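Next come two complexes built around chain A: one with chain B, the other with chain C.
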Partner chain A sequence: MSGILLLGTITCIIGYLFLKGLDTIKLSLIFGETAPLEALLFKKQVFDGLFPAMIGTFSLVVLSVGWAIPVGLATGIYLAEYARHSVKKVFNLFFDILAGIPSIVIGLFGFSLAVFLHKHFSERIYPCLLISSLSLAFLVLPYLIRTTQVALESLPAATRLTALALGATRLQNIFYVLIPKSLSGIISGVILAIGRCAEDTAVIMLTGVVATAGVPKSILSHYEALPFYIYYISSQYSNTQELLSGYGACIILLTICVFLFFLAFVIKRRLTYQALYRV
Partner chain B sequence: MIKVYETIAEKLFLLSAIVSVSITILIFGFMLILGLPLMKGGHFFDLLTQPWAPYHGSYGIYPMIVGTLTIAFLSVVMAFPLSLGCACLISALGSKRFSRFLRRVVQLMTGIPTVIYGFVGIFLLVPMIRELFQRGSGMCILSASLMLAVLISPTMILFFSDSFDHVPKSYLNAVDSLGGSQVQKFLYVILPCAGKGVLTGLILGLGRALGDTLIALMIAGNAIQVPGSLLDSARTLTSHIALVIAADYESLEFRSIFACGMSLYVFTTLAVLGVRSLGSMHQGRKR
Partner chain C sequence: MDDTIKIKIDHLHFSYQGHWVLRDITTQFAENAITAIVGPSGVGKSTLLMTLNRLWESIPSAKMKGKVEVKFDGRFCDIYDRSFSLPQLRRLVGMVFQVPNPLPMSIYKNIAFPLKLAGYKDKGLIGHRVEQALKRAYLWNEVKDRLTEDALALSGGQQQRLCIARALVLEPEILLLDEPTSSLDAKAGAVIEELLASLKDHCTLLVVSHYLDQVKRIADTVVELSNGRFVPRPFNKQG
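Coming up: the complex of A and B.
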């Protein structure tokens, strides 16, 4: 009964979106009046399409994952391989709290960081792509740490000790044995983090996203993003055409997220097999 | 030479760990410092209990706290039976193929962006509620918590079914050999055994509902008032932050959002601590 209810609800939601939005999915939704090739090469500005928003989301994701991956992976490795038990306990508590903080509070933090930097360091810093990507990095950091740590810790003791017994150092053991072995877990964590960056609206809403900005020119400029576009359309659309493009944006965002989800899923399976049979 | 690399690498790993921990502390610190002018002279508790009346110089966030708690609790109440039913379908009662399919769908649901739920909520659920009750705009607590329930149920379902799967096999075989039916097995063995896991899932769902911004912002209507009925519009702490941020930076009105941020921080931290202490109690009992 409740299973049917849940399945019914989710079918309703997705079905409604596709029913309303399917007609709008065509090239002009993305590129507007501009020719696709010229837009892709940044020769011409796109005015009435979703292209700037997609580029904004894309650069946002790349930047924030770029910040978060080195720190997250290193922290995960430290927790799994180096930290003593008591240290690990304290750190785990902190990361659990960080994972639980609502995204809007992280956005608020990013905003106040921007104000702080603006006052004390440089007049040129105000909420922008850089600040947003940093805040998003804070948001996904705990997920990355946790998946790396779990992936490393779940390796069997035999794998963990063989290289050490053969005379490898700790670092060699980590880079040549443990990380390749746990790569599938780590990568699916990264993909989930990307999905989280792409969908989050609350953080970017507070840290520099705007409704119309065109393609972002530098990391200190405003930008557009798909989720914010959807929110903006839903609250202040002026005509049916804008509303329809909102449906289109929903479908694009949904497709991206579902695609990333399945990618994580497939990689998790594939890589486990490969890592097992190749070596 | 290798020794040096080893040490450098270890220090680097430690450094990044410290950086990530300090972010947690830094966020709290920022909230505290920026909210401080409001808290001087014991105003802080007034702030939590006063109504919101900027023209009378009172910036209490009491209506927002009430709104947040009502919406969150309502959505948990609605999502709980649904999730429990689905989880039991997945791990106990359903056929193998159906339960695998259902689990996939639920996992997929965790990946759907919140803003899409909000969007569908505005254009599908809100008009429905409006037609159904013939009152107001349809943007009310009821529709927000209905949509939130859809949002948080995947989290709860996955947690519940995980904890159901952890019930020892020998218990289940014992029930089967005594001739108990599937339903009896679920009600009398699995549910009591997985109580802790169910509670953990509940708390996590509640945390998710408290922290969510978009759905409340888009559907709940955002009127600043202590809601009187389910069909009233309300504003949550999260959407208050999002709505006030556009104002200027020095006024007390602006400061109040840091109080909101801090209350949210404290709520969710309490939830996390609760989950953790449950977890450690569970482990202690096993040993």
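Coming up: the complex of A and C.
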């Protein structure tokens, strides 16, 4: 019953979006007046299209997940395989708290960090892509840590002992057997993190996203992002056409998410295969 | 007397979560022979095997007291000595589990896996050792044309022989087998029994077993565990 309810809701939301937004999905929605090829090659700036916001969201997700994955996986492996019971308890509590922090608070923290760095280190640092991605990495870190830890801990004892009995060191066991075996769980965490990074608005609102910035030139510059564009358009639109372009942006955001999920699945398959079969 | 002894256990105590599994065990196991360890479930037979390759150390809340010495190169060494490398010990003391546990990779790569862990690089040597191990485990003729196939596609009996081959590829001096035939049918079990009998020229074998008739067929010595202690029960194949 609840499954049907869930499916129905999802179908309604996506159906509504497509109904409203499909008409606006044109090349001009993305590239505006600029020729697509020139925009794609970053030769000309796009002023009245979503292209900069797409690039902004995309680089934001890649950067944030890029920061969060090494730290999250390493911490998860440490907690599952190395940490003593008492240490584990403290860390688990700590990460639960971190997972419970509202994203706006993390955004505020990122903003304060940017101000602090601006004052004490370099005038060039202000709320920007770098600060946003670091804040978002903080936001998704608990998910990554927890899924990695749970995936490793739920492996059966027999799997754990197989390679050890064959003379594997602890590290060899982790890398050759335990991680490949728990990879699907770990990747689910990554997918969750990708979704969270792509949709979050509160954090980036305080840490560097703006309504018009063009394609970000470096990780130290302002940028545009799709969720913020949607928020901005829905609260300050001046005519119906603009509101409709917001629906278009929703569809594009969903498409980007689907693309990233798909990428994660492909990586998962390739990684499992390679990790296990390279002898 | 010491000449024929491979393993000496001295006042061994073992507990899981404060619950005693083995109490004050003192015994010796002969070299190049098959010793069977029998007894009801849960009396610590598998635990006793794991004290010989220190595998229990990966199990949380397990504790051990006592001394285990194994003869390597004609000299008894305390395997719990800090200077003894754990991976090295486990290369000398192989183990086969109750349920066949091939890794999800090809047959060849399964057998070559311990060599890879031990840092072997020479492909020719690895190929040679893999072939030898498969031959010693009576598996070569069945798999020589399909070495690149997934090991999980083999039958249960073949998988168990694959695991024995994998344990043999490092040429261990001792092989521990934890009820190696209990998950197999009678025919597959008989092949493994024959295989074990053929291994004792090079290896000291310790087999945990439930089946008394199997024990009578293959074991040179039988010891029985009950309540965490050995039951004195002299039994020899010849006698």
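Here are some notes:
Quick note on the criterion: the second predicted complex is superposed on the first by the 237 of 279 C-alpha atoms of A that agree within 3 Å, B and C clash if a C-alpha of one lies under 4 Å from a C-alpha of the other, contacts with A are read in each partner's own complex, and residues count from 1 in each chain.
In this section, contacts are C-beta pairs under 8 Å (C-beta built on N, C-alpha and C of every residue); 3 or more make two chains touch, one makes a residue touch a chain.
Being a predicted model, the structure only gives us computed values, none of them experimental.
Residue contacts after overlaying the shared chain place A:169 against chain B and chain C alike. Looking at the shared chain after the overlay, A:255 reaches neither chain B nor chain C.
Of the two partner chains, chain B is the only one touched by A:145; chain C is not. Of the two partner chains placed around the shared chain by superposition, chain C is the only one that A:160 touches, whereas chain B remains out of contact.
In the superposition on chain A, A:231 makes contact with chain B only, while chain C stays out of contact range.
Residue by residue along chain A, chain B and chain C are tallied for touches, and B comes out ahead. Legend: residue contacts after superposition of the two complexes on their common chain; A:205 is shown touching chain B, with no touch to chain C.
By the document's definition of touching, neither partner reaches A:241: not chain B, not chain C. Taken together, the two complexes place residues 169 of chain A in contact with chain B and also with chain C.
Interface of chain A with chain C (complex): residues 157-169, 172, 176-177, 276-277, 279.
The touching residues of chain A, counted against chain B in their complex, run 1-3, 5-7, 9-10, 12-13, 16-17, 20, 70-72, 74-75, 77-79, 81-83, 91, 93-109, 111-113, 115-116, 138, 141-142, 145, 169-171, 195, 198-199, 201-202, 205-206, 227, 230-231, 234-235, 246, 250, 253-254, 257-258, 260-261. Taken in their complex, chain B has these residues touching chain A: 2, 5-6, 9-10, 12-17, 19-21, 23-27, 30-31, 34, 81-86, 89, 94, 102, 105-109, 111-120, 122-124, 150, 153, 157, 207, 210-214, 217-218, 238, 241-242, 245, 249, 257-258, 261, 264-265, 268-269, 271-272, 275-276.
Of all residues in chain C, those touching chain A in their complex are 53, 55, 58-59, 86-88, 90-91, 94-95, 97, 99, 101, 103-106, 108-109, 112-114, 116-118, 166-167, 170.
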